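Chains here go by letter, A, B and C, matching the order in which they are written, and residues are numbered from 1 within each.
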């Protein structure tokens, strides 16, 4: 049924190639996670006033070249940087204002998993405006489904399918590179280090996802989500590399500073002072750039393996 | 005129705190029309006894009766019609005006009265206490003595408001003249006796022996929780008591040596005959 | 025989005039503030991120009252009737409830620094909210259930009541509640609740921490008709029963012993005041999060203007608090459109400087 929906939307656009049709059907089969909340029949006309709550959704729409349709984004829509500069800011994704969103006269509201608060969401539901809930998948399948769902909601199913297919190809290439790795290294993702409290990315966190994609082992997988980790646990976990998000404005902790701290001085990473900073949204956004981000991370983890850039990434 | 039936009576009244007997086996009667004055050194238990008699604290032993009923059985609102209490210190947390403080006396129990009557009571009491010119001022801006007189006015208001409900009343004054000038001291005590003359039983706690003797119909001397002596002033005080209770080696009713002036309130002629 | 100066009758007449003029001023203040509150309410319903013409707003409200559905079409109907109206009404209720609670606490503790939190409601509610946010999903992790939306407000309300009950039991011996004990025990319980809340924050993940932060900054955004129908019967008793407490609180100003001597049922007043405050503040915190400043500042402002007589202070505080919160909400909704500021920030930002200015102008604000 979803395949049918997407084909209908192709009317008026160029005929899809056989390869793209196959990819479409395959993705539709995988599209069990396609939003059940997508109300109404096929969109006869693409929504042109879209309010977005969810950074990755903004990123995908920009990647599809359809940013002119966006009238408002949330504060987590930090890539590309024009998004927050050019569009109205509706606030933090989990602290939205119903009337504020409605004041932008949206024809479509796109909400990532966990957008809130629940009262605002239920008011938006009551308003009758079309709402698309997008699952925030943290795996390659999740990413491609996400891209397809976003495209379908915004009436650009074909370009989105293309982008999804491209992204899948990149993930496949990444998997090949991954299979070529000899021994997997132990990685610790450090979300923040405030007042000596180390917040790490555990099991099922986005950091866990990207580490796995980059062919590393997440040493914090005994913890669920982003949680604090004690100094001893860090020492016991013995990571060979520490990964952090790069802070654009504030000071980024240097390897000297980090490995001077007692918790980090005893770990294997301290010997080679392996501390890597990467842009947060690039690394953890789980959008179209993720295969490249995972590749960059893999290159950083295994410098000796000389990981090449993704060939498929160069393709349009 | 003294009424033979006591309005308030206490038998075997006692109170314990921290193992110590603050008041032990007190027996006393307050008669309508009579002014009773309670004296004694610091720590004698005067304030505690007053608190027992006003109902503020419950006695450990003994019984107190007011207007024929056991004190413990009288609900607070009815008690407020029967007796009025002026405390030693009155701290006010917020900036009330003088007439508002006085009105507190009528606001509770005077609800049945008309507004005009209530305002009249407040005005009369303020005038009687000599503070009506301050009526609109904030209480905190007054001196200590003026504030005491405002409290006295409040107590008068309460008594007056309660009179419509209760015929037999008691007035308690705990060191009411501590911050007052001599003329105001005498005037306040005169007023207390005038109230007694209306049939109210008046109990005053005083420190000044001379004033106590001048104004008391009935004197009660306390020391270390016990009532040592009570009766008409002339019969109650003697040199031995002074030495034992007040620890002073002075002789009663002896004129001092010439050279130093002395001023005794006993000569104050304004006080009406008992 | 009196201690007075001559011509007391003249002074009596002056006094009667004085009392009458003060009473008139008080009634005028109530009428004036009530009118201002009504006007502000109307403005608040008419204002918002979406521009709706005042005529249309009035039309929608009238149509709703008369049941004329023909005019009730369009998105602006949803905005006026389901977003703005419940929000403004909640703001009125919570604002009035918090301000009167503050006045009651200041009266009960005989201290101008008292605020509604002293009965332990706010810290207990905050702890319960933190527990719901951080532990709630974990509790249900094994099952397929998601935490119902009502869990957070219900949990916060219960937490507030339990906390107040604990405080009350600690402070009450032999049928007598010691406010001094309550104050100290409240400090201790508050510190404990803070510590536990901090522990929960420490063990929370990033998303939960954000949720907790936003919750604690306060917001009227959660208003809905459902919530209103639950919360109104909890807050209204405070506003309806406060005249019963007014006289007693006046007398309490002299001290508890004096109040007893005046015939005031001191224990009953304390218990009733604590109960009503716990209910009103608990419900407020549960639906709107932590909103500071209203409970302390509004009673002070009213006291500065019309004096400390609770018969005026309580109703005027209710009106003043309602106005402050509704006004702050207008600002919160408009200042960063299309986003929205947490209202606790606005009340503090408006309230604190104004209060300081007032303190600097008037030398004797509080006489302790």
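By definition in this document, contacts are C-beta pairs under 8 Å (C-beta built on N, C-alpha and C of every residue); 3 or more make two chains touch, one makes a residue touch a chain.
For clarity, every value in this text was computed on a predicted model and none was experimentally measured.
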As a test of understanding: of all chains, whose mean C-alpha position lies farthest from that of chain A?
B
Maximum number of contact pairs occurs between chains B-C
Whole-Å gap separating chain A and chain B, where each centre is the average of the chain's CA atoms
83
Distance in whole angstrom between the CA centres of chain B and chain C is 43
Footprint of chain B on chain C - complex, ascending
1-5, 8, 11-12, 14-16, 18-19, 110-112, 247, 250-251, 253-255, 257-258, 260-266, 303, 307-309, 364, 366-368
Inside the complex, what are the residues of chain B that reach chain C?
51, 54-56, 76-81, 83-85, 87, 90-97, 99-101, 104-105, 107-109, 119-120, 122-124, 126-130, 132-133, 135-136, 138, 140, 149, 158, 183-184, 187-188, 190-191, 194, 270
Enumerate the contact residues on chain A facing chain C in the complex.
72, 75, 88-92, 94-104, 114, 116-120, 122-123, 126-129, 191, 197, 199, 225-228
Residues of chain C touching chain A in the complex:
48-51, 75, 78-79, 82-84, 149, 202-203, 205-207, 210-211, 214, 219, 221-224, 333, 336-340, 342
